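One structure, pasted below without further comment.
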Amino acid sequence: AELEVTHWWTSGGEAAAVAEFAKAFDATGNTWVDGAIAGSGGTARPIIISRILGGDPMAATQLNHGRQAEELIEAGMLLDITDVAEAEGWKDSVFPSSLLDACTLDGRIYCAPVNIHSWQWMWLSHKAFDDAGVAVPANWDEFVDARDALEAAGKIPLAMGQQPWQANGAFGVMAVAIAGTDAWREVTVNKNAEVAAGPDYARVFEAAESARSMAENSNVQDWNQATNLVITGQAGAQIMGDWAQGEFQVAEQVAGQDYTCLPGLGANEILDTAGDAFYFPKQDDPEIEAAQKELAALLLSPEVQVAFNLKKGSLPVRGDVDLAAANDCMQKGLEILASGNVLPSGDMSLSPDTQGQIEDLMVEFWNDPSITAADAQARYADIIADAD
Amino acid sequence: MTAKIASIPMVFTAVVVFIGCTLWTVYHSFTGSRLLPAPDKWVGLDQYERLWGTSRWLISVENLAIYGFCSMILSLVIGFTLAALLDRKIRFENTIRTIILYPFALSFIVTGLAWQWILNPSLGLQNVVREAGWTSFTFDPLNNPDIVIFGILIAGIWQGSGFIMVVMLAGLRGIDEDIWKASRVEGIPAWKTYIFIIIPMMKPVFVTALVLIASGIIKVYDLVVAQTSGGPGIASEVPAKYVIEKMFQSQNLGQGFAASTMMLVSVLIVLIPWAYLEFGGKKRD
Amino acid sequence: MSYSVEIKDLDLAFGSVKVLQELNLNIHEGEFLVLLGSSGCGKSTLLNCIAGLLEVTDGQIYIKDKNVTWAEPSERGIGMVFQSYALYPQMTVRGNLSFGLKNAKLPKDEIEKRVARAAEILQIEQLLDRKPGALSGGQRQRVAIGRALVRDVDVFLFDEPLSNLDAKLRVDLRVELKRLHHQLKNTIVYVTHDQVEAMTLADRIAVMKGGKIMQLGTPNEIYHQPRNLYVADFIGSPSMNFLEGTLDGTNFKVDDMVMPMSGYAFAAPQTAGRPAVIGIRPEHVVTGELVSKAPLQYDVTVDLVEPMGSDTLVYAKLGRHLFRVRMDGKARVDEGDILQIGIDPSHASLFDKKTEDRL
Amino acid sequence: MTDATSAGVGLDAVNKELTGPRGPKPKKAFSTNNIIIYSVLFVVCLYYLLPLYVMIVTSLKGMPEIRLGNIFAPPVEATFQPWVKAWAEACTGINCEGLSRGFWNSVWILIPSVFLSIAIASVNGYALANWRFKGSEVFFTILIFGAFIPYQVMIYPIVILLRESGDGITNVLQLANPMLEAMGFEGFGRVRLMGSLAGLVIVHTIFGMPILTLLFRNYFTSVPEELFKAARVDGAGFWRIYFQIMLPMSLPIFVVAMILQVTGIWNDFLFGVIYTKPDTYPMTVQLNNIVNSVQGVREYNVNMAATLLTGLVPLVIYFASGKLFVRGIAAGAVKG
Amino acid sequence: MSYSVEIKDLDLAFGSVKVLQELNLNIHEGEFLVLLGSSGCGKSTLLNCIAGLLEVTDGQIYIKDKNVTWAEPSERGIGMVFQSYALYPQMTVRGNLSFGLKNAKLPKDEIEKRVARAAEILQIEQLLDRKPGALSGGQRQRVAIGRALVRDVDVFLFDEPLSNLDAKLRVDLRVELKRLHHQLKNTIVYVTHDQVEAMTLADRIAVMKGGKIMQLGTPNEIYHQPRNLYVADFIGSPSMNFLEGTLDGTNFKVDDMVMPMSGYAFAAPQTAGRPAVIGIRPEHVVTGELVSKAPLQYDVTVDLVEPMGSDTLVYAKLGRHLFRVRMDGKARVDEGDILQIGIDPSHASLFDKKTEDRL
């Protein structure tokens, strides 16, 4: 059957990764009808959701798992794939198991996680630091120290795109790395506004403030353009999730040689386990439903996982696949995963609405130097206090 | 009878779509709808309270106000000035009019992209001027949160002022030729005639133009999406974008509805006095 | 010299279309000159040339012995009144009257004085604070005249000032205008296509056709001695009766009728057998008792009767020709009646068939 | 007295002719006024032409030249590669068909939308102008107000409306299914308005209705009412008058409406993005996708070529229709 | 009954504006009835009611003894001709003529026959394949009439069919129209605001004002015996002279002049001292030799002279009143002259000052 699959993976590495899915699915005799929506999740989600609501759902769609789909599930618009999960033994193979939890509502499974993305990375350009005549930093503080040298060499210390989610993500990374895991959990999972207003987070906001000034001259829009600044050595570093890896790969750069990846800003080696998942909106055609389930199973099959995640630069959702082909950074990530240093993603704890508010705040903060760290923190605490 | 049957699409559109949908939206703005409309989650004015406490909304409104005010004034001034110039029996009138109007045939997406490119500081206008020797020249509205809205304004004016010019030109052409003759016989200079006689006579045309501009302003969306995506930061956000994002991305329909209701209210504020002038006035004389 | 306006060899063309050609016209001081002609004959064009609103293609224009061919309209000492009034709608009547004066930087009290005087002359004092929208057609027309009046100009130009008004008002304003002219004694150039207006108002009429002046003369001359067929046909309602025939010495022959034209004042001695047209005004055809006194008498059959109240217009057959006869309103005639009519050739006009000029 | 040209007067006149000005006033070709007017217009034209020029120039350059050079400089080495790429090769996700796909979608959206919206609006306008019935003005007023309601207010309810009416139609049609199946035909399947071409056509028809109806109403009102009366006396009814009298007379306004709709629908982004799916994306959405699918560096030349390609249809229509467009805008706008 | 059209208690209101009120009118078979009145008095509205183009608010309309109050326009047996001709611009003349017949689904050869006949009557055979755009005003008007003609209807309705034409053509077509009526003998209801047209064409005239019929009568009755001041003033150009005074027995007193009205036919015996208005038509004021024969004689001062070619209109002062006198075109009078005039009271009309009705 023909399945229309919507997603917003349109950058070079992403598109190559999707092609792996499509290839594998087409090989089963079905047809993958690609419905890429450019922009970002922000552009794509309204379209995806309005189509599901409007009674014209696609057969499968990317969504960040987590709370985004809750209401759709409650409204009975998404296909229950518990049977597939049981047949394929996802319970045992999916690692970390929190990924599957995020797909579960009232004991039923509604989505197929396909990868693990963690935000907690900083990408550093060897060329930039060489040009500036300083060593490649090993953690955030060293990086801050290298700032002047970078600027003197005409480099942008920190590359930063203008898309709202980037600012938000970078802040999240700093929060985990600087405030520490406990404080982060207290704020994000338990929605404790006091902690959010407390000294741990104050340090986070101060760090963000200095990051802001380092990114001042970064005038690019998209995340991958920012990554490109790092690749070409125009910028010193970028805080960006592991998907940036794909861009380095497309540019044929070698980890450790051309660039360095620092998990947790080098301070706190821990990864959050956000990721992408596929949902399967209900259709009334049994043939399609069968194909949907086939696709769900396929997405988590070991070979597809490997092929996809290598291209995408993300980590597979199965602990049992062999990623020998993976490069330096990926291996690092796998190690951290294996050691169990994982956090749930913010997507899973905060509603999109709250995330949207935080995102708005961060965007404003990152772009408006007149907002002080203290102001921003106060507003942040307010949002956490109101979060549901 | 046939007339009534033939008017069913119109009546349907007017009643079901325009009134029905509007009321639906207004009603749901008082609910806590999230991803799906939840007519039974009544929350009163909560959404509005939050709306007016959100800095992004406030910035959006402020942007729209600045954009709206400037684009009204500029469109009217530019539109009228150009129309007046073209009305001076100049040569190549058709060519020039065509040049001024063609952007109107282009979409906001195209407009936004073209101007994004020209205003790109490292490649566009600023770069060109700098390379020409004026190295301190700075013109990067799209990257400066303080003036980004004017960068959008430049593009908006570019796209829409030709249309206003045509409206004005039609208005000017509609002025009795004899008025011009009378003022010439009295020795009144052209500029004085424009200011004291022609412009006051064109009041209805100005009002029409104003309504046209205003109705376009409130809908500004594509342009911002294509040109800046609301950036840098949230410096160029506009209400329409806020609505769409709250509704679909943040999955907070109630908030989006509240914001769109506010947009509707502002339209009504513009429209009702106009309708009153236009239709109420007619009945009286 | 006593000419107020002189026009010499005026040519005017819009692109390649020649609208006025080699036009010469002298207008006396204080004269009421009417430009009369059918639509599109160039009346307004000529008036606009005098006003300086159109640039001439060739020729010269003098106003008060000053060559104004290149002068601006406002420097020519003219005032103009338009068919559409062309009042400034957003100004009060006072504003309309004083705008031009203010612009000329006249002192305030002078402006007031002039406005007051014009308002008095035109009897619009009580309207001074109204806007044109609140005035009737006739009042607007008066304000338009006032606007020319305050400027104290030598020459008034009127472009069909009464055409937009209804019939009754037109008659009233016509009378008023005439009276105003008697009072002010300005030179007036007045454009109209209504021959009654022209006849009643003019000191002299210039009948125009195709950008040329066909005849220039007093209403009486124009009416009674039209210089060519066009003028003869254009002037007079109901219009002249025309019969085609040949002129043989002083006899005019139509079919088998012979009209001795002994009483007619020929411009030049006539050659024999010349094809000609005779024109007889309906009111110069007499009926009833008067027939016996007329030099020529015919019997005609009544074809159609149009009672008009004061007169009755009878369409009668004279041979194969239809003949209009104007009779008294109280005359009782019916279709099919045989009517005796009398014609006095001295009241008729003769025209050459080919050149259409008066013989 | 008539021709008072005595010898003396004649002489006098000759003297005057020698001295005074004659004929048209000599014009200074470069009067200050003209210089100001034309230079202002020149600058204005520059402003309006600049983006087009830059787009064209950029679209003909290669990427290296763009990175180095000046956006205003003409291409050193003109290449049509960006155009080819934009049209047929640019990728969104794994689809690398460029704009060509969007182009045909736009065409298929455009034709029925333009046709339907004009058909309905012209009938509306005609009914409003000539067959006023009780309340018709009220509906019209609502319709005009509708033109000013922000789309955002209506987007979401329309999603629901489309879904519901799709289901409604399905239900009605499926009533006939047993009978059809009994007769050996295939029954009606599910009718979907949301996400389908039909849905988008309906949306365009709805949102085009206020302005077009106004346009047509104004036009038909300006058609002498007596013509309509004459036709009624001649025994023609609603449709016959519409088709035989009004339609043939209103070709100009139909052309104008067509131009407005073609440009409007072609340029639409919001509805295209919300009410269609990737298969049926119109060109503007495809354009936005291509431009925003940044792979490595931004390919400005391809983006500009894509932009120009997208703008081409309305531009061609606009230039080809020339004065009509202007006249139409004026007729529709100033009267309204 | 021989009425062709009967209108009973017709009311028509646009919203709250009552345009026609309690209107009754019976039109005879074959009659040429003219509805005359100034602009906005409801003439067209009445005509549209008869045609069925407007729905009546109250009352009934019968055509040929059939109640058609609710019938469609096309079912009423009427044909209509409009001021603007209202020809279908995209159809040829033939198409225009046959459109109505095609709608009525007549057989093809019948249509052709009728079109040919109408074209012959109107002499437009050679125009049949042209479009209206290629016709002159007069030709268009004929086609418009033809369109009514082919439908073989009982009643023709004309709404100011000649107003858009220029003066000369208007006169010609008027004559043609009258001839056509003589030939066809249809009932015609004809709307105009031109009293000359009304007088010349009508069998009977209905003078309307403010949605009411002021007077219904033959042109002669209307002209010579106007039933009230409005009609008297409206009909006749130049209009009637009115003098206000009091009526004392059979003497009418204006200021210090006394006019014995012995020749006047009073409708009823008069009370003494009644305020009244006397109306005298300008042509009923005699001058020259005829004065001696007139019962009343006065000396007047000439105030203004309007030569009109065939006549001369003199505005003269009678006491403090301005008096219009119509004189021969050849009469020589100048402003300031003293003129002897004679009046015959039997030609005058007397009106009550308050009710404005004829006495």
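A, B, C, D and E label the chains in the order they appear, each numbered from 1.
The criterion applied here is as follows: a contact is a pair of C-beta atoms (placed from the backbone, for glycine too) under 8 Å apart; a residue touches a chain by one contact, two chains touch by 3 or more.
Everything quoted here is computed from the prediction, not taken from an experiment.
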Co-neighbours of chain D and chain C - touch as defined: B, E
Chain nearest the global centroid, as defined over all protein CA atoms shown: D
Label of the chain whose CA centroid is most distant from the centroid of chain E: A
Highest C-beta pair count, chain pair: B-D
Centroid spacing, where centroids are CA-atom means, of chain B and chain C in whole angstrom: 56
Inter-chain centre distance, chain B versus chain D - centres from mean C-alpha coordinates, in Å: 17
Distance between the centres, which are taken as Cα means, of chain B and chain A, whole angstrom: 37
Between chain D and chain E, centroid-to-centroid distance (C-alpha), Å: 52
Set of chain C residues in contact with two or more other chains: none
Multi-chain contact sites of chain B, meaning residues that touch two or more partners: 244, 247
Residues within chain A bordering two or more other chains: 46-47, 50, 53
Set of all touching chain pairs, with the criterion as stated earlier: A-B, A-D, B-C, B-D, C-D, C-E, D-E
Touching residues (chain side chain D, partner chain A) in the complex: 91-95, 155-156, 159-160, 162-163, 166-167, 190, 192, 194-196, 199, 273-275, 277-279, 288-298
Chain C-touching residues of chain B, taken from the complex the two chains share: 176, 178-179, 181-182, 184-189, 192, 196-197, 200-201, 203, 285
Of all residues in chain B, those that touch chain A in their complex: 34-36, 54-56, 59, 121-122, 140, 143, 145, 229-235, 244-252, 255
Residues on chain D engaged by chain C in the complex (per definition of touch): 2-4, 9, 12-13, 16-17, 19-25
Residues of chain B that touch chain D when the two form their complex: 2-4, 6-7, 9-11, 13-22, 24-25, 37, 82, 85, 88, 90, 94, 96-111, 113-115, 117-118, 123-125, 127-128, 131, 158, 162-163, 166-167, 169-171, 174, 205, 208-209, 211-212, 214-215, 218-219, 221-222, 225-226, 239-240, 243-244, 247, 253, 256-257, 259-261, 263-264, 267, 270-271, 275, 279
